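All remarks here apply to the structure that follows.
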């Protein structure tokens, strides 16, 4: 890679990380809120593990996958909101006046988002271990889990960046949150798909790509090595990342009209 | 062979989709080392012009060359030669001044070893060394503008674009910025393209002024020449003793030709330079007391009014009228 | 000071809030959509939970979740109005209200009225959707009125809590502080299963959580076998009184800040 491009990406990534860490109100909720929800859901639904066919003895183990996706969702909104703010206050114009290449802006922003996403994921793993979850796939599985988290963060982060670049509005990016929340909830988040009674819900969860992301992470925790489930999860995460990156790059071209 | 202007625009137009024609055929040329003031009210097209000249917006038609490069087809080369402090200070409140400099130097490809040195040099120059490690969110408006200027100078550009740089600043901060801009032009030979809605700023700083209204350049020239087009300054005096009226008239007529004034006063249109001190000395020498002495000098607002039929929006009052009360002997 | 004047201030404030909300889809739609969404997700996705041994709720899981979502919508309806109060302070409009209103207590009452009206719209929509989804109501008319009255108390407590925060901090950044305690209070209650099916720490927390009383009582009302409803109403009224004091103290704080 061209040294100038590398320096540009590193600088933008550094800025993204520094900004996030300096905004505790943005940095802490993506970590705490998913864990709080996991604890609450696990506490409230622990009795569901007695249902015939429930794939885990502990609802904590079953629910641990959710924070990884939920955390990525928060990161999407945070990264997108930050970029929208840059557009609104003219900071993007400042960057556009430098030799910075558009790809550096996106790559740097998303590198920062991924770094933060992986850090979050480490916290979730530690929290899971702290509440007694036994990760069936072992240390190697944790590494794969972190890799999958990184890929998911990349895809969701690109989605947030795309929205920011298309609209230039922090409010529009925030508007993504409810939509993504719907994808999160109408999934196998709280119940395995085969145990969802209501047919339309089960169908919706089956066509929802987020279900497969959750199930991929979950399989590493409660099953061990489930090749098919992991392949689906990685495939969908990769597809999301590619599509979102493509859309973001296209939106960047429209936003930065510089000649 | 004539040198190519540092900035040249030829029938430059910007038409926004579903919007007005913000810039409607601007022709201008700015020489190297010149401070060019681009004066106009809000919505006149100043910022749009700057955005085109700095390659942030492609022109709809027409052409422009900055630092010898075409803005439409040689964007990266133009950007390498210019610095810009745009209308918004465009700073990240969560980063410190030093963080900003570090980012800017890195994006300009400065070697790692030189970044800290260049950052310190510029922070020192704009008087922000003491606040360099504080977050920009804690900076005053003046400090933000100074940091903005420092960031624009990171790569030692030959041409500097300043888009309303002193809007919202207190007089002290404004004067400090003017001094730095003047120094950049005079000592470093930087060409400065400055947009403003403040008459005083254009008058004090600019070597030449272009006045824009509704996307058109309506006047261009030195501030002095533009004002001279409108008319010569007048002096009006009201004697303390009405019986001294003729004596006052005789004194004032040494400085210019009589013109219409207040019923109880005497007014002359000055010839040549404004000689208010000379007039005061002359009145003093004749021991004539005046109750009221006033200088009316045409302002750039008068120029704007004459060219467009309306006053410059948000303009300050016409140039400060210099008044002297009860000038007497001793 | 006449009550009529307090009331006219309240009506004026409430009218403005409602006018803004109704004209602004980005304010109206989330407050309508979120409760429906949660109802769908919980009642639809988790219905098998009613097969857990010991889960005994005759009207069925839809009604079980309906009560939770009704109270949740009431609480968050109050919080959303609190966001509006914070926005008014941040943009300076609240100062205009404080200057203009002869009876400032009417301002608090007005925002609370607006929250109530907003919530009534949500409650109607939620009820219609639940009935269309086949929700079974075993309680009689009085029981149902009791349920909605409990929800009304939650709505009042929610808006008064949020207003107290908004008037003290006077910035939109107070949003998470308004939301988080309400969210945690709701979710540290028997959301998915009855209290007696909760184990461990969650059971301990839910037992002391005042919202549990309202939730369980509400479910007993819809099931037609009212249980500890008096306790629930006492808790509900107590919360309203507590947060009313909180809100008025917040108003004094805002007045003092100028």
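We call the chains A, B and C, going by the order they appear; numbering starts again at 1 in every chain.
Following the convention adopted for this analysis, contacts are C-beta pairs under 8 Å (C-beta built on N, C-alpha and C of every residue); 3 or more make two chains touch, one makes a residue touch a chain.
Since the model is a prediction, treat every value here as computed from it, not as a measurement.
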| item | value |
| --- | --- |
| Chain whose average C-alpha position is farthest from subunit B's own | C |
| Chain closest to the assembly centre - both centres taken as Cα means | A |
| Separation of subunit A from subunit B, taking each centre as the mean of its C-alpha atoms, in whole Å | 50 |
| Distance from subunit C to subunit A - Cα centre to Cα centre, in angstrom | 31 |
| Subunit B-subunit C separation of Cα centroids, rounded to whole Å | 57 |
| Multi-chain contact residues (two or more partners), subunit A | none |
| Multi-chain contact residues (two or more partners), subunit B | none |
| Residues of subunit C touching subunit A in the complex | 26, 30, 33-34, 37-38, 40-41, 43-49, 51-55, 173, 176, 184, 187-188, 190-193, 197-202, 205 |
| Residues of subunit A defined as touching subunit B within the complex | 4, 7-8, 10-12, 15, 18-19, 22-23, 86, 89-91, 93-100, 257-259 |
| Contact set on subunit A toward subunit C in their complex | 25, 29, 36-37, 40-41, 43-48, 50-51, 171, 175, 178, 181-182, 185-186, 189-191, 195-198, 200-201, 205 |
| Residues on subunit B engaged by subunit A in the complex (per definition of touch) | 54-58, 71-73, 75-76, 78-80, 82-84, 86-92, 94-95, 99, 102-104, 106-109, 112, 135, 151 |
